[in-house]
Amino acid sequence: MKPQFIAGLADGQIVSSLFLVREKEIRTSLRSGKSWLELNLADRSGSIPAKMWDNFEALAKTFDCDDVVRVRGRVKIYNGQKELTLEQIVPTTASDYDLADFLPHTKHDVEKLYASLRGAIAGMKNPWLRQLLSSIVEDPLLAPRLKRAPAAMTMHHAYLGGLLEHVVSLVGLAAAVSAHYPELDRDLLLTGVVLHDIGKIEELRYVRSIDYSDQGRLLGHIMIGVRLFREKCSAIEGFPEPLAVLVEHLIISHHGTHEFGSPSLPQIPEAVMLHFIDDMDSKMAGIWATLEAGSADESQGNWTDRSPSLRRALLRAARYLTAAEALEAPVVGTRKE
Amino acid sequence: MKPQFIAGLADGQIVSSLFLVREKEIRTSLRSGKSWLELNLADRSGSIPAKMWDNFEALAKTFDCDDVVRVRGRVKIYNGQKELTLEQIVPTTASDYDLADFLPHTKHDVEKLYASLRGAIAGMKNPWLRQLLSSIVEDPLLAPRLKRAPAAMTMHHAYLGGLLEHVVSLVGLAAAVSAHYPELDRDLLLTGVVLHDIGKIEELRYVRSIDYSDQGRLLGHIMIGVRLFREKCSAIEGFPEPLAVLVEHLIISHHGTHEFGSPSLPQIPEAVMLHFIDDMDSKMAGIWATLEAGSADESQGNWTDRSPSLRRALLRAARYLTAAEALEAPVVGTRKE
Amino acid sequence: MKPQFIAGLADGQIVSSLFLVREKEIRTSLRSGKSWLELNLADRSGSIPAKMWDNFEALAKTFDCDDVVRVRGRVKIYNGQKELTLEQIVPTTASDYDLADFLPHTKHDVEKLYASLRGAIAGMKNPWLRQLLSSIVEDPLLAPRLKRAPAAMTMHHAYLGGLLEHVVSLVGLAAAVSAHYPELDRDLLLTGVVLHDIGKIEELRYVRSIDYSDQGRLLGHIMIGVRLFREKCSAIEGFPEPLAVLVEHLIISHHGTHEFGSPSLPQIPEAVMLHFIDDMDSKMAGIWATLEAGSADESQGNWTDRSPSLRRALLRAARYLTAAEALEAPVVGTRKE
Amino acid sequence: MKPQFIAGLADGQIVSSLFLVREKEIRTSLRSGKSWLELNLADRSGSIPAKMWDNFEALAKTFDCDDVVRVRGRVKIYNGQKELTLEQIVPTTASDYDLADFLPHTKHDVEKLYASLRGAIAGMKNPWLRQLLSSIVEDPLLAPRLKRAPAAMTMHHAYLGGLLEHVVSLVGLAAAVSAHYPELDRDLLLTGVVLHDIGKIEELRYVRSIDYSDQGRLLGHIMIGVRLFREKCSAIEGFPEPLAVLVEHLIISHHGTHEFGSPSLPQIPEAVMLHFIDDMDSKMAGIWATLEAGSADESQGNWTDRSPSLRRALLRAARYLTAAEALEAPVVGTRKE
Amino acid sequence: MKPQFIAGLADGQIVSSLFLVREKEIRTSLRSGKSWLELNLADRSGSIPAKMWDNFEALAKTFDCDDVVRVRGRVKIYNGQKELTLEQIVPTTASDYDLADFLPHTKHDVEKLYASLRGAIAGMKNPWLRQLLSSIVEDPLLAPRLKRAPAAMTMHHAYLGGLLEHVVSLVGLAAAVSAHYPELDRDLLLTGVVLHDIGKIEELRYVRSIDYSDQGRLLGHIMIGVRLFREKCSAIEGFPEPLAVLVEHLIISHHGTHEFGSPSLPQIPEAVMLHFIDDMDSKMAGIWATLEAGSADESQGNWTDRSPSLRRALLRAARYLTAAEALEAPVVGTRKE
Amino acid sequence: MKPQFIAGLADGQIVSSLFLVREKEIRTSLRSGKSWLELNLADRSGSIPAKMWDNFEALAKTFDCDDVVRVRGRVKIYNGQKELTLEQIVPTTASDYDLADFLPHTKHDVEKLYASLRGAIAGMKNPWLRQLLSSIVEDPLLAPRLKRAPAAMTMHHAYLGGLLEHVVSLVGLAAAVSAHYPELDRDLLLTGVVLHDIGKIEELRYVRSIDYSDQGRLLGHIMIGVRLFREKCSAIEGFPEPLAVLVEHLIISHHGTHEFGSPSLPQIPEAVMLHFIDDMDSKMAGIWATLEAGSADESQGNWTDRSPSLRRALLRAARYLTAAEALEAPVVGTRKE
């Protein structure tokens, strides 16, 4: 872990640490002709503008956007915002840093999430499905990618470990709804939960930033996931084909409608339910993230910014219930006293 | 309870019981000129055609469709189907019968459902909301209607007691998701669960068949429910208006989108969640009903009829998994052996 | 009324008046390090940029955006645009000014509009509806708010008094179509006209700018209007409930479709007509506003800017008819000479 | 006019009159082998089934569906419905009858409608537009077709004279809205009113029934109307082309949106208004027709059949207001007494 | 091939041949009580009603709908329609008949179509793609199914051999557009043409009638096709994975939009073009079939029945151009003489 | 042709040439008060920023945006981008320059395109259609406009000569599909190809930039094209009206759906095909333009910018196939080695 994070920097502090370069530009003042190097530096805790005033020309050619650099400089407050005045910038290579320092990641303990998922799989009664899931989740090549993958580019769980966090949350929801509706095939639903987004470990790349891979854009995580599942499935001697068809059906129908990219619509109860809890958990994660952002800032009022997943702002209900809105007395409902 | 139900009638049996008249027509044979009275009789267990061949002209004027009549006759099998040959038909009045004999109703024990609902309300921590719900659920005028109301005309829970059954199922789901997402305000969600469809006790009438009331068609259950809630709310001294606004918001936004008739979109997490579990429980109830219909008939194959709520047929997965589809060997996935 | 309005300021003029602060920012020159205070000041006649160069630090903390301040300064022309150079800024309190000076308002005489509305109500034949409308329009708490409320945030009648102006225009249209279609119940239609948007006096707040109230966002003006109507209705001894249902139906269906937030669709002729004339008057108001904006500026050509309510530009037909478009002769229709 | 109309026939009456053949079929009884001729006969007052039992084979080949025939026979009541037993059927030619006897037509006096339209045109101030409209409305070839054309196949004004009735109703609405919104160019709007559907005199044929012509299906009444307008326009020496462009714009944009077949969207106020009043008058005509159908039949309850133009049933408000719905007392709003 | 086909049967002819049973019912006359067996029999040339009047009870239990039976009987004309009076019905087994006699099939010579497809593949320059297509089209298990598969359930090419006919037509179109747009990768486009619908050999079953398989309903032909392709691809040593990704992309995006079931949108020119020519050929095949149906029947007028693929009727242009529509002279365009 | 084009300017070069003024603004430095004239200059090869520092006040009033001016100045590199420092600016008149120097135009030889079109028309067999097309394409007033018109404002062929290029491409496609589907009436399809967009010579103006004419916005190219066609058609003695109706049908239905502005849907095979090939050629032209833009810039990666006509980015397949994406090894499909 690197020594200093942006969120912890204070005015006047001497900085010597690694940062990811998000933006890089040479700017020139109107008329004075004086130029400087303007950067935007980031790590997983946030981002900060940075300026270098002298001797930056040659230096600026040694690194690019999305590179990690080592800088030395000092924090100053400018127009009420922190920024860095740089003295030195040194390029690095991938071996010099830990990518996890620069990308946002889940607040949960990934190993605990992973253990929880393995526990749920171990408790399955259907031997074919249990063997199938184990062969994927415990595959030494896949396990590290499963622990690291985000669940989305934006919207919800858009950080390292987000996919695993989302899957483990769904494991809990699947258990709850299976208890509520005993007609559901619990093991089949759990299989859908674990595999529905597994293609995202290939669809989304996270090399200094989260992005789609070429294959991800051309095929999408549903197709990649089906292929991964089919490869693992064909390695299990005697796996019943009709059961495999149902699992594939769960994966390809989990978006619920053609409009959202599912080539088939859910046609068994477990597929309908998988779509429901997947949608519910994604939306709720987006809601908590929206409510959390700026929640400390009282001046923001009773409403959040627009939630990307719901496409509307949300009320901060606790604030609303305690604060008196009443700039003017309401015209209805006031005469009961 | 009346002595004989349609589902239990056997060939040759003498029938003397009450039935609801669904269809009534006088038919005449081509050329022979002979006329007869053709009825369709129903009770909560099913329906049966019935014919009266002689002396029916005056009799036929004494009753109408949707009336309950007492008939005497005999069962015969005609073209492989049971029908009644009638000897006598006597009109009745509402005091002669119990409507519950003629309308389908929930398989659950309504009093147990009601007790379960009261138990959930008793366990609430927010005193305002607990008092509000109690004042509605235990209102001596409302309680009997709540126990009897269907949840819908078609689609799901379309039978007497269906609304209460649906609400109690949602109480269970609300408890499960509140445990899963501790950020949710459990009491507020429960309030939404109990009140979201309360207007259906007025929107849907069930006088010998389930139908919309005039007011129900003009206003809809959301508006009726809001009014009922506001009347009860205003009877509670000091009920905080902001809290009342949130409850009203839950009721009016529970359909999730404008397209489905909600005048507002969910803007607090509990409203989003209420829409999710309401939609989920309605759809799942529709799925179980679709799977159950004709499930005993092996000749029907692996697929159900079209589900009205999902607008598609469903696979009977258990049958599919055990039966060999293979009229022809599949071309893919068969070479791994 | 304050002494000076922005629309009337001239180059070099000394200004000493009240303005609403729309934007407030401290800016710093690149390299020179020199900072200044940059404001955007507004009143109902328009807005103007303003700069204060010296001794602004302490002063800037005494007021916020949306406050009304008293300033002293001088007008100068800068890059072809008027701006203010400020010497002094003094905070004020609500008692120091008349809000009407800072918000745009209708060009019509509000008292005349109000009298016209009362006249129309007085002419109604149905005593229940006449009493209902009088009890709302002449309520001493509601009347001032009705006179002040805008009809919308944007789109049409988005200014103080806009709601009343819109309602009175609809009164005229309702009279015209009732004369044209004598089958219409004139009093019922008029009731819908007066009450359809009454909830906007609560939905929209206008505290230094027009905005939605929290309650307005959570419930919407339809729900608020219904509640206000029901409270007033229940205060009238013996008001027939079926008539009340029709009035509520008019209010809730006036947006015409679910998509536009109506929980019910119009199911009586008066509700269909109310939706038509409401939509017509809103669109026409948007059209006149779009045509008026920039109508004096000949250089703008034959087309207006995009109308927000129609989502398209409009032709200035008079200009088009008089001007020769003909940069090139058209290829069709020219050979008849 | 023919001597007997279907609506006036009584049981046992001897019939000798002309009717339009809607359906014609030879039917055979099961087993008995006996055949008969089954017809459905119609005139503008309604339709009636008719049977011929003997010697019909040769006769049946002398006429086809949509032909007008002279029949002789007797009315009998069969299963509660009137039907004709035929003794003779004689084919006719077009010169034997007046088509108006067989097609439904407007209840208004067509000549009065026509005079009213001419009066409105005579009152126009713009000489170009007045001359244009006169040259069309008074064209000796067009006038009779204008008086006879229906306004639509179904939905509204679907009868002879319906187009003229619709146009004259719009003339009234145009006058009303022009008075209400003085910014509107009254003559331009009136021109749009008269010409917007003029292509229907060619699109819709009415040769024993109302149907689309081939040209009507391939081009539609908008294109046909534009062509008719342009031909008349080019015959007026010096008609200003920009004015002609605006008139064409009114015709082609009057459906309001691309979805409803307008190649252009309304871009001048008069075009927006033309779409509004055209839509309003069509919908209102559909509403009156829906309410009128079955209005005499008290047994039908408070709701009409589904209106084709609104795609919903309508409440018969007068009945609803006078009848007590109350099979059960409502649960809300009843405690104020 | 069986000796007699339905299309060739004449009144009074003695029939002794095989037919597919489409419908089977025992009917009873009203009052007379006499029962008979009513069948609908079919072969690839059409269908015919059939009745057996005596001794059918035991016989009727020996076969079901969708079985092929051998019948003996005689043709009679009844109410102007041919029907069969049966004397004997004998069940058969699959070895007794050739399924091709009972299902509609392509008019083209399947072996010529197949040879044409192999020729196109042989001419490809890209060795990987050529080897891939050969390994599929010449697979001894797949080739017979490819020759027999229909291209759709309804809409277009809905008959045996329809898939191959459609693919070969697309081979021709692909060659034409590749010549027109030389930027296209001809071999890649051809690969998409051959493989895009290959999954239909599994999705659609044709056991006495064309229907979806269970797997086809759950997964769809896109998923089945991808799996078949991937299995064949992985059998080719060294097949470049990026090339395989492009081929998979072509298959999964060929429906063009999510709404039509494609999990990805076309993102290379060949995928866009594949969608265009696939859509074009399907629509044109539907158009020719619609125009052909009833084309011999002059009485049908100038318009076809509604085309299922275009959802509208089509004009028979040749008839329209030669026939005089002119029941009335048109009002426009006639005065130029 | 002017002597210097923007694409060819080099650092330090003295410039003396004509340019189109796209933007013109006087800017002032913060605090220093120093002002300058800032222009954006363009010709058909690209655009460049330009500044004039002294004595520009009077000069700036002598020209406007969209004027062509003669400038003298020098190229310098500023912040890595070329810009012009101006010494002199001289207004010009239309006779001083060739508009073709300032607007982008087709890369094809317009005269060859035109000859090719004439050749196709000369080869038609239907004499009426051949005469019709000749009379339009060879009209001395229309021919020059046909050669110059763009095919669209944006999206595809948005440059001078684009319409002719598009039409000639369609002529080739029409020949190809007519050969493939011999049922098509080749001459009718070709007529649709030549006339479908002919109204664009009037809809789009190109006076120093491509824009819609007023008439184009009010009527659209379909209506303008129909009128031009009808005028030419009526000049041909004896042109059969039914054939004219089919041609008009082709023009008005070529957008395929109401949503895209066609007042009629295609109802003959040639109209369906015209829509297909028109859509195909427009989309493919948009694709080639998208792929070409930035194709030389290797740093851009494997994906293009968003294509305006497809509303998505496209893969540069050749790059993708040759480059190794593999920043991480893929998880599926890699184990076959």
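Just so it is clear, A, B, C, D, E and F label the chains in written order, and each chain counts residues from 1 on its own.
What we mean here is this: a contact is a pair of C-beta atoms (placed from the backbone, for glycine too) under 8 Å apart; a residue touches a chain by one contact, two chains touch by 3 or more.
Since we're looking at a predicted model, the values are computed, not measured.
Path length between subunit B and subunit F in the chain contact graph, taken as the least number of steps between touching chains: 2. Between the contact lists of subunit B and subunit C, the overlap consists of A, D.
In this structure subunit C contacts its sequence twin subunit F using mostly different residue numbers, the overlap staying below half.
For this pair, subunit B with subunit E, the centres built from the Cα atoms lie 42 Å apart. Looking at subunit F, one finds that residues 30, 214-215, 217-218, 227, 230, 246, 267, 315, 320, 325, 330, 333 touch two or more other chains.
Going by the touch rule set out above, the chain pairs that meet are A-B, A-C, A-E, A-F, B-C, B-D, B-E, C-D, C-F, D-E, D-F, E-F. The touching residues of subunit C, counted against subunit D in their complex, run 169, 172-173, 176-177, 179-181, 183, 185, 188, 230, 234, 240-244, 246, 265-270, 272-273, 276, 279-280, 283-284, 287-288, 291, 310, 312-315, 317, 320-321, 325, 330, 333-334, 336. The residues of subunit D lying in touch with subunit F in their complex are 214-215, 217-220, 222-223, 226-227, 230, 245-246, 248-249, 252, 258-264, 267. Against subunit F, in their complex, subunit C makes its touches with residues 29, 32, 34, 78-80, 302-303, 315, 320, 325, 327-328, 330-333, 335. Across the complex, subunit C meets subunit A through its residues 26-28, 30-31, 35, 141-142, 145, 201-202, 205, 207, 213-215, 217-218, 224, 227-228, 231.
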